[in-house]
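Each of the next two complexes has chain A plus one other chain: chain B in the first, chain C in the second.
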Partner chain A sequence: MTLGLINANPVVHAKKERVARTEDPHGDDAVDPLDIYDFVRDIRDPEHPYSLEQLSVLSEESITVDEKLGRILITFTPTIQHCSMATVIGLCLRVKLKHCFPPHYKVDIKVSPGSHANEESVNKQLNDKERVAAALENPNLRQLVDECLYSSEL
Partner chain B sequence: MEFYEGACELKLLQTLEGHTDRVWSLAWNPATGTADTPLVFASCSGDKTVRIWEQNPSPSSSSSSSSSSSYSSWNCKAVLEDTHTRTVRSCCWSPSGKSLAVASFDATTSIWENVGGDFECVSTLEGHENEVKSVSWNASGSLLATCGRDKSVWIWEVQPGNEYECVSVLQGHTQDVKMVMWHPTLDVLFSCSYDNTVKVWADDDDDWQCVQTLGEPNNGHSSTVWALSFNKTGDKMVTCSDDLTLKIWEMDGTSMQSADGYASWRHLCTITGYHDRTIFSVHWSSEGIIASGAADDAIRFFVEDKDGLVDGPSYKLLLKEEKAHGMDINSVQWSPGEKRLLASASDDGTVKIWELASLCTGNGY
Partner chain C sequence: MRRKSSAGVVTSTDAKAVAESFLQNLQVQSLGQHDRKLCFELLECLLERYPNTVTPMGDELIYGICEAVDSEKDPQCLMLTFHIVEVLVQLFPDTSGPFASFAGDLFEILSCYFPIHFTHPRGEDLGIKRDDLSRALMLDSLKYLSSCTSNYGPERMAKHARAIWLSIKDALYTSLQEPTLSFTSESLDGLVFQENEIAKEALTLLQQVIMQNNGLFLSLIVEDEDINIILNAVPSYESYSDIPLQGKLKLFAAGCILSISTKTSVACCNMIFESFFPRLMEILGLSEKKLSGDHSPKDNYLISKRLNFGALYLSVELLAACRDLIAGSTQIACKSVSTYETSHCMLHSFSNLLTKAFCSTLVTSPHDADIYFGVKGLQILATFPGDVSPVPISEFENILITFMSIITVDFKKTLLWRLALKALMNIGSFIDKNNESEKILSYMRIVVEKIVSLVSLDDVTMPFPLKLEAISGIGRSGLNYMLHIIQGFEEALFANLSEIYVHGNVKSAKVTIWLLECYSNKLLPWIHENGVFEEVLLRFPINIWKQIESCVDFSVPEKELLDAMMTAMKHAVAFCSEESQNEIIQKSYNVLSSSTSFPLKESVALTIPVQLEGLQLTQKMDNLSCRDEWILSLFASVVIAVRPQTHIPNVKVILNLFITTLLKGHVPAAQALGSIVNKFGKSSTGSEISSDCTLEEALDIIFQLKLWTHLNNGALLRCSVNGSEMGHTDLCQAVVNNKLPQILAITGLSWIGKGLLLRGHDKVKDVTMIFLECLLSNGNALPLSQNSLENSCEQDLRASVMKSAADAFRVLMSDSEVCLNRKFHAIIRPLYKQRFFSTMMPILQPLIMKSDSLLSRSMLYRAFAHIISETPLVAVLGEAKKLIPILLDCLSMLNKDAQDKDTLYSLLLVLSGILTDKDGQEAVVDNAHLVINCLTGLIAYPHMMLVRETAIQCLVAMSELPHARIYPMRIQVLQAISKALDDSRRAVRQEAVRCRQAWASIASRSLHF
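And now, the complex of A and B:
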């Protein structure tokens, strides 16, 4: 574990105003990208006491849903090009979203194009189901993920 | 049975519940499925257990119409628990069917034996630095191979008294090794990896080496290779990948008599355009039907296209079973024995038993 923060001076943005939305008119199987965004916007960054939304790691445009195919794509932007927390953020997203939509939906998580020096290898690791499962069985990683998820509930 | 699209259907015989987490893989006991011995298979799960399933013996009274033994139900005979502390990822029976080797994310491999109806853990193999992902016995049952995220492949020699001695630790893959499998007849080991390659390992007087790497320069895969399977005679192999293709390889017969004593493998054809999510599992049946299990919840069957117009062999889709499970399919395995049975394991926590049946002849239904 490195002692110094990887990105000591992140740019922090104000939280976007939350719009109260009316009851979803779609059927049970419909997945609204904004619903998904609501679940993940407050996840705390692994390194800084700010949410992924505040650090512009996630925005409303981060989530795309293809209802016909049953696919969800989440694209996030690490704060710096050599962010080594990218895989942790990916794990946080997967855990947080695990029960948020019908089980047949497939979720892909990627860093936004050009946002990371090792974009291809990070994306490969984020989407290797076996690697994700093994990582979540690692108590240290699991604890870090839980801290990022639960502090958002304060 | 006719091997053309539309000639057959996949019948779901039973859905087996019991595991409390995703089922990663399954393995049929090769010594079962005979007249005296009902079929048995083992399933491995994220719930840290292995379950042993057995088919009930077919009724002794003869039935003139339906092939009743296909429809005998399955029961869970044993749960192998309290041994592994993390996900059990895969397992493999010894050729005699007497032992079961189990690979776990807890970095150990356990060996179990059926002692008077109860399964007992008789040995634990340690050595891998982290998650063990696959285990395979060679054709004679004298050697065991394991592989894992530490990028290494280990070869163990089986010795009397449930002793297992590590005879080689093979480095070469540059990433996580997903699966190992011995050739069906030769003592040649194959491994496939997150580094997108398949490696072939052979020994020269107990000195094990990588004798071939099948990568992109050889028309190999462009992403993680998840599994491989041999045809019945062992002269062809199929690999499946995150790159959404299946690739068929054949042993180059002309170099079988080379000084090194092993034959090299070359790409024969690529089956592309049929899968749109990662293919996790592939299994070649003794009749030549290739089954694939993928992350789009579907099972697909391919056979050689004898009427193909291209030069050289090509393969065609025989059948696609969409929504075979409610979630990703992690493993598909043909059963031993005469019936065309297939078992599939899924993230949905279930194992399903299927029969590939011909539509042309009346099967009594």
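And now, the complex of A and C:
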């Protein structure tokens, strides 16, 4: 982190208004992309005091979910091509979703096509559970992830 | 310097010295930020605390301040300077004083802050956000400018007119961040700037300066480029949705400016109308030029193309402002038409066209915005005050007719319908308030009568609930209308009722139920609030009784109808005064005694209650004829609703009647009994009612009757009420015949008990003892020589009797909508729930401990649950420590049966109340593991989502207990929660995530920030 910021001047977007869901006692309460988005939109960016939503790293449209098969696919867009924080962001997403969904969900996390210089290797790294587990055992990394997850009040 | 400013006990001479040296020696703007801030604080202090010392310094002081304040840029200092200037102005109120000569300088200094540019880097300013600052500054300066205006008079202000006008415009444009227009019926007469203080202040200022110097400012407005640009842009967008956001804001701002300047005075109104109105009309396609050519088809002129939204909006704003102005000035009683000449003439010549144009908008436009302003425009045209109205009465009637046709035909367009109704209500109340007799007449003819006829018509096209909404809305907009409507309403009601009585018409029954509901929920309360209609209130119940009396045989299958009828009866009676109630109850008693088969002879009732009782019981349970049941129920309703002072004729007989009927399963009779004992004797002792009986006698009657001992028979126990011991009678017969009466008797008794409990009578103890003995009856029950079939049958019976006894506690404790509440004049002792709670708990707790039979223990839990969930939380908290274990057992017991879900939920709410309270948490600590066991069990409760959600919320609250206590349970909780993450309901899942995080973070340092 001594090398200075990787993206020193990111574009900040306005937070979208939270839509309160209408209370419908008999409505369809299946897991939908908005559910997932609500969990992850406030994750803080590893190097800026903005949320992933504000930096447009994530959007509701970039999340797909198949409740029957129990699969979630999140595609995120790093702010710049060679962002080394992409893996950290991916790791944050993974940890957060692990907390918020029962273990039988399979979560795939990818960077959106063409948005990152090392797209393939980043995708591979993020979906390799051995490497994820190893990364989370690194105390520094773990602390960084936790900071991003739980300091959402900016 | 710093020391002195903070000391606060500086003498005035010292203060003067400080001020002088300040003015002579300090070049404030050449200092650093911190020092400047201190300087301003010092100045502020001097001005506020030593006004008498510094005022004589006059010019010098003001000049010094001007100099110090000039071109200040730091936000924190700016806040101070603005305050300083404000105080300064207050110090020199004299318009010809020293301050006046500096006014110009000050304006220059201040006006450079508009518009505000805030370039301060983020994060450096401590707690001052850009928005806060600019808002505060703007508000202050606007207020300041208005006070200047009133202080300095028109001549001095004239110099700055242009600057002020520009600032106002800027303030308006910048403060209107988002479109504040809303198109709901509520806003039809409402204000727009509820939150936007800056806009409000800016408009006030504008009004003030215009009032002072109207020629100058008006010409500024009329010639203003922006407004003209906005106006020119109007024709390019046809409908509201076409206009871009920025355009909407500008349009809105222009609307505000025009409206406020029109409102200011008559001359302004004329001028604004002259300069803008023709243009707007032209855009709308209504200009005179176009029409004067072919005069004859003018009347049939139909607006073919859609109205332009912008022009529609602006003209409605102008009309509204003009209307407000006229309405305001008529109250000051200067209403010569000539003063309004210009605007009046214009309006007069256009009113016909405008009306048509607005009407056609309503019919053709699919856009909410157009419809909204169309309705608003019509409403405004209809509410110009009488004598000076530019709108002739025929137009007024046309408007009413248009709205009425919307009401009757266009009920599918929800927004339009609601707006039209609201507009009609507004018009109605307006003309009613202003006493415009001619218009009221047309309103009555066109609106009220039509609306009344809607209800009585057998017209099925329009949904009935909408009819009722319309009728009650119109009725509530004026007394005269209401009187008229009530009359028609009752006619329709009785016509429908007789239809039902005579022909058993089911369709009318539904309509009647609606009518009755509307009557009791909407019309009655309004009548009561507004007053003076004793005879109207009285008429309804009396007529109902008369009608029933005259109908000798009828059969009404509808239970719902009877319920609605009873509710309406109760409400009507409850609102009546004592005298009217006496009249009603006398009438109803006459009907009851003359035309039913009930034995009402006093001698029978008093001398042979036992035989009577036996006689009644041997009869079939459902031998009540339909008509008798109606009369009895309605009579019970009257009794329930009367005031304590009202005299109930022949109480003893009635008591007996109610007792016998309640044993047939007639719950209203039980409620009426409860009501009688509740209100008894509070005022009737010693009066002429002594011919009847006192409360004690009444109670004796109730308790000496053998019905309660029947109850004991059935439950197979030897219980003594009033000392009379009952042995087992024929067991078999008791089981077969008395199965129902026992339960019914318990229900009846519970209502009586409630009546007693509310007034705090001792006898309630006896009642509860009977319930308790029922609950415990299991222990000494001796099913002797019966075969197994009867035995099991008896088991069932016993269980259901016990259950009803347990449920009786809910009746005792809960608030009832139906009877024994404030609305129906019950006598309610303060804190009766707490009192009952604290008497019952010491009795129940040992009983639960001692109870060895599963059944009666579960029933005791049930009773416990009912009591505790109805007790105010404060009372429960005091005992929380003792109650928690029982409460938990209770929860796990209720968990077993899906039927108990509501009880379970209300009990869980008690637990959650305890857990979220500070003292409550302390009480829980010792039993933490029990609580958590219980809650984790409830996370998977399948029958009710609220239970799961609340259980998880309780767990979140538990995570705040001392860590040492709860740490051992952590794994257990996390495991249980992870299942809830997969819950079928979203709300539960979200709570589960919260809970999971709360519990996960108590273990790892890194998770908690």
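What we mean here is this: the second predicted complex is superposed on the first by the 142 of 154 C-alpha atoms of A that agree within 3 Å, B and C clash if a C-alpha of one lies under 4 Å from a C-alpha of the other, contacts with A are read in each partner's own complex, and residues count from 1 in each chain.
One rule holds for everything that comes next: a contact is a pair of C-beta atoms (placed from the backbone, for glycine too) under 8 Å apart; a residue touches a chain by one contact, two chains touch by 3 or more.
Note that the coordinates shown come from a computational prediction; the quantities given were computed from them, not determined experimentally.
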**OP:** Once the structures are superposed on A, label A:48 by its partner contacts, choosing first (chain B), second (chain C), both or neither.
**Re:** neither
Original post:
In this superposed model, does chain C or chain B come into contact with more residues of chain A?
Top reply: C
**OP:** Identify the partner contact of A:133: answer first if only chain B is touched, second if only chain C is, both if each is, neither if none is.
**Re:** first
Original post:
Once the shared chain is lined up, is A:103 touching chain B (first), chain C (second), both, or neither of them?
Top reply: both
**OP:** Give one of first, second, both or neither to describe whether A:146 is in contact with chain B, with chain C, with both, or with none.
**Re:** second
**OP:** Pick out the shared contact residues on chain A: the ones touching chain B in one complex and chain C in the other.
**Re:** 103-104
Subject >> In the complex, chain A residues that touch chain C >> reply: 21, 25, 29, 31, 35, 39, 99-104, 142-143, 146-147, 150-151
Original post:
In the complex of these two chains, what residues of chain A are touching chain B?
Top reply: 103-104, 106, 124, 128-131, 133-134, 137
Subject >> chain B to chain A touching residues, read off their complex >> reply: 22, 46, 86-87, 89, 105, 130-131, 133, 149, 176, 178, 194, 223-224, 242, 277-278, 295-297, 323, 326-328, 348
Subject >> In the complex, chain C residues that touch chain A >> reply: 945, 978-979, 981-982, 984-986, 989, 993, 996-997, 1000, 1006-1009
